[in-house]
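Got some structures for you, see below.
Shared chain: subunit A. Partners: subunit B in the first complex, subunit C in the second.
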Partner chain A sequence: MSEMKKIKNLKEFSTSADRFEGANLLCPGCAHSIIVREVLNATNDDLVLAASTGCLEVCTAVYPYTSWDASWIHIGFENSSTAVAGAEAMYKALKIKGRLKQPDRNPKFVAFGGDGASYDIGFQWISGCMERNHDMMYIVLDNEVYANTGGQRSSSTPIGSSATTTPSGSVSYGETKNKKDMMSIMAAHNIPYAAQVAPNKWKDMVKKIQKGFATEGAVFINAVSPCTTEWKFDPKDTMHLTDLATDSLVFPLYEVIDGHELNITYRPKEKDIVPVEEYLAAQGRFKHLFKDQYKYLIKEWQERVDANWVYLNRREEARV
Partner chain B sequence: MAFDKMELRDTEVWDGNLAAAHALRQCQVDVVSAYPITPSTPIVEGYAKFKSDNYVEGEFIMVESEHAAMSGCIGAAAAGGRVATATSSQGLALMAETLYQASGMRLPIILNIVNRALAAPLNVNGDHSDMYLVRDSGWIQFDAFSPQEAYDLNFIAFKVAEDHEVRTPAVINQDGFMTSHTAQGVKTMDDDTAFNFVGEFKPMNDMLDFEHPVTHGVQTEEDWHFEHKARQHNDMMTIVPQKIDAVFEEFAKLTGRKYNQIEKYDMDDADVAVVCMGTSVETAREVAKEMREKGIKAGVVGIRVFRPFPFMAIAEALKDVKAVAALDRSAPGGTAGALFNEIAGSLFNSDSKIVLSGYIYGLGGRDLTKRHLVDLYTELQANADAGKVLTQQQQFIGVRGPKLAYL
Partner chain C sequence: MANTGWDEFEIGAMLRTFEGEISDIATTLQEDRKYTQNSSFSASVADWRIEKPVFNKDYCIDCQFCWIYCPDISIISRDKKMIGIDMDHCKGCGICVEVCPTNPKSLLMFPEVADEEREIENWPAKEKKEK
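Presenting the complex of A and B:
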């Protein structure tokens, strides 16, 4: 069993040895790199990492450079989950056969994918990995859009968001479908651990990542990753946007253990809960919702978020 | 728990699928990541049974699709170990994206393809459409004409592919049903001899070497992509054929069974020849022998190594032949057959006065009979005598309805 990394404060955390280098091509203000650093810094163990095609991949492994000081693989858009599952299988095989070069190590197997790679094109691969319960962690960098290719809608894009393939216009308020509830679907695989995290709540996030690393079997993490480019906000406001996402309860932070035991891990005080309208107003992708003809959608948004919060609370109470 | 060795008879009665499954077992593959599809399913099932009976120590993952099967193989191979899988037809088509990724990443994965037609219309029987679909995927491609060869070529493929100068994945093709489900006598190696031939896997750039972290599957654009692809092609054209020949030689020393990049039958003084792949080679040899009794100097060239394509060997084998036919078992989709084109390419700038005609045959498991081949050789003799192709250059064999001929 590996030793849990002790992290006292943010300063200590931010000065941990980087296995994800600052030298990368991600946009200024991109939350991806913050999330990735928080994940990698949560452990001192060796890492075998995979990334699906997407922002993280194209910005961190452009030959002849790499931003990764850990074993890393990219195959395609849909299969980072299975890439890591294959590597984990090889680890098990070589362990049994006594052929590991460093048999005393305790590596962690982690795959990253955007929401397009996870909610859409790689959905089947992730489901397969979760069902087979590989000893691995799959992390969605959920920015609710195909950001790498310029802002097309995915099944994570929320209703009312203007994406390039669902643009708002004189007769359209943009995306017409609700965001896919990936957490519920993944938890329904009865995997040992699933959690939703946000980089602003770094202690909560690190705790969950460490819990995931300590878990034997498949772990699913959905991380909200505000996208300065596609959500259309100032790059300096990434953490502010993330605060709005968690404090408006649009992105509630919770975990599901063994597919059924749900725990809410961040519960803002009643007075601190931010109206959804404020979250929407901070982003250019929802700008059109503030026209009179679409204002009803903001009300619906609030109702949906409220209903989801009630649902999560009831799930937590019920312990089933 | 150590795994058990299996006692084999010197000659076992195996079909091509079982022969391939035994070869994977004897090579002590570290990870098999697979998905079943007709007619290759029994390879995966056979391997699963070996695993259940403790004849296999490695990991066996049954994934949810062929694409995932090869994705898992790539992850496992990059981690650093011996990796194999099997598929056919639609499964190979679904897997196609990852085949290019596997070869581009120089991962020596072994893939048994049990050749089957591609839909639509849906068809489970043998033809070479799937083989042709991935012919430019950067994999080494061997072709087995019989269960014995399906067995032998697996060992050869591992040894070639895993060589550090090669590091290129390899396919072993065998005909769906005609080879995969036809039991024949297969001369075996005992488990130790078989494993010792391929040897321990020697990792390179392995992700599980934590002292030397590596980045696999990078992005290259117009600045580097071409150089990568060119270098890979260079190795296929220069290093791989030599390695294949060396391993063929080594295998012959061990077993007495000698393979060649092209398998020539009665080609020394042949006037007419058929070039083909798969089980058709055996049929063609039988007919060629009979044609000789009738005074037609017939020969056969079987393509053992489809990639890298043995251009020079083909040109050499056909240099004194007067008429040759390329037999393509795949719908050409609006052009000449692939083998026709390859052979034309081999001969075009040579001094040969040979005339070449192409035949499309056997789609979706349609039989190629001896009668067909007798007619074909007769036609070739007429071409040889005339010094030109008397028919159109592309004809169809064994298809119902009015005779089809083009070009």
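Presenting the complex of A and C:
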């Protein structure tokens, strides 16, 4: 069972039997379940899962239904990470004592959380799990807003985004703070593996998830999850938006091994890189940036994204 | 069971999604699983749809883009072939149509009331590439 599932191409991948069910109550076109499916289908091993309060939790566990075909625990806003870490610690203890009923099965421990639950509310708990280096994976479904409660800003919300607690108008361009660099913070725990993924690059994603499962120790994954409701775009355009996010380098795909070795895993060709303006224009939450008075912000956006790309490239080159 | 209030069920309650013992879910296809009423698989969100996707297998190249990008596990693929759409769980978001790479597309959105057979008969012709 502990052998890694072989996934060479999409046709082979499509023979997977899903362990996440339909008729969950996520919005049509929600990227959350695309990410969850790609993660769960990446392995045939048993899974121990938890989800922090957020869209994913409330929409997949509406009593009396559950959409999960694996052990899944319904837990608080902040502590999906520690719930899974606790299960992992118990598993280890029982294994040492020889009290496991099926010792040859090799369950994987995975916690999901939204960006609100991870960047803000559960931050300290995740930090603890990473520091103690539990053999688990924490996955952030990063939609850059508290989408479940009506679109309040979180510390993942980027500059210029209009959220319900940072609305845009005549005196404000919306969110004024920059997005928290969660990847760097988590990598600074010197965990064995941290990676940023996007659902449109499924092969890259599956590779990273499998690498994470094979890694002994804490793994942190940050996944971009376009939100049709709060980013304000048509449900059918979810994958288009994800493409824009990765190809404009707003959401670069890379991994950090042992806290220092950075590898960029997706490098769009020079001619394929789309201007950040295009990414912003596709979303209703940035609509006001195209008014004359706020247009300077688009230029600043582009500069920020370029600077970050240069930084990542230099980190990769330097191998430090 | 469906009428149990939120304050009426026990703390630490567990929902079982399968009848009896099941060992390898990851290798058991959906049609071979014994779902209980607690699995959302037994529920339906078909009434969310305004538009439905219609599948025309004549143009399908089995690339499986629709399978991987479907958020609602509604594209049924067996033995590396796309065989149909699960209309109980499809919410009609239209992602499958957007990601379909064939020309003409082998999946298209039509109003929920449209007659599938007639739409397949009148399927749009191949679009010429603009030069």
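By definition in this document, the second predicted complex is superposed on the first by the 315 of 320 C-alpha atoms of A that agree within 3 Å, B and C clash if a C-alpha of one lies under 4 Å from a C-alpha of the other, contacts with A are read in each partner's own complex, and residues count from 1 in each chain.
By definition in this document, contacts are C-beta pairs under 8 Å (C-beta built on N, C-alpha and C of every residue); 3 or more make two chains touch, one makes a residue touch a chain.
Everything numeric here is computed off the predicted structure, so don't read it as measured data.
Partners subunit B and subunit C, once the complexes are superposed on subunit A, run into each other and clash.
With both structures placed on the common chain, the touch criterion links A:Y63 to subunit B and to subunit C.
Touch criterion met: A:F20 reaches subunit C, while subunit B stays clear of it.
Of the two partner chains placed around the shared chain by superposition, subunit C is the only one that A:C30 touches, whereas subunit B remains out of contact. Of the two partner chains, subunit C is the only one that A:M239 touches; subunit B does not reach it. When both complexes are overlaid on chain A, the residue A:M90 reaches subunit B alone and has no touch with subunit C.
In the overlay built on the shared chain, the residue A:N148 is in contact with neither subunit B nor subunit C. Of 4-12, 94-102, 184-192 or 220-228, the subunit B stretch that intrudes into subunit C once chain A is superposed is 220-228 (criterion: clashing C-alpha atoms). The contact surfaces that subunit B and subunit C form on subunit A in the two complexes overlap at residues 46, 62-64, 66, 68-70. Within the complex formed with subunit A, the subunit C residues making contact are 1-2, 4, 6, 9, 15, 17-18, 24-30, 33, 37-45, 48, 62-65, 67-74, 77-80, 82, 86, 88-95, 97-99, 109. Within the complex, the subunit A residues that touch subunit B are 46, 48, 50, 57-58, 61-64, 66, 68-76, 78-79, 82-94, 96-97, 99-102, 105, 107, 124-125, 127-128, 131-132. By the touch rule above, subunit A contacts subunit C in their complex via residues 10-26, 28-34, 37-38, 43-46, 60, 62-70, 199-200, 202, 234-240. Those residues of subunit B that touch subunit A in the complex are listed here as 30-31, 33, 57-59, 61, 63-65, 67-68, 71-81, 83, 97-98, 101, 105, 203, 206-211, 213-221, 224.
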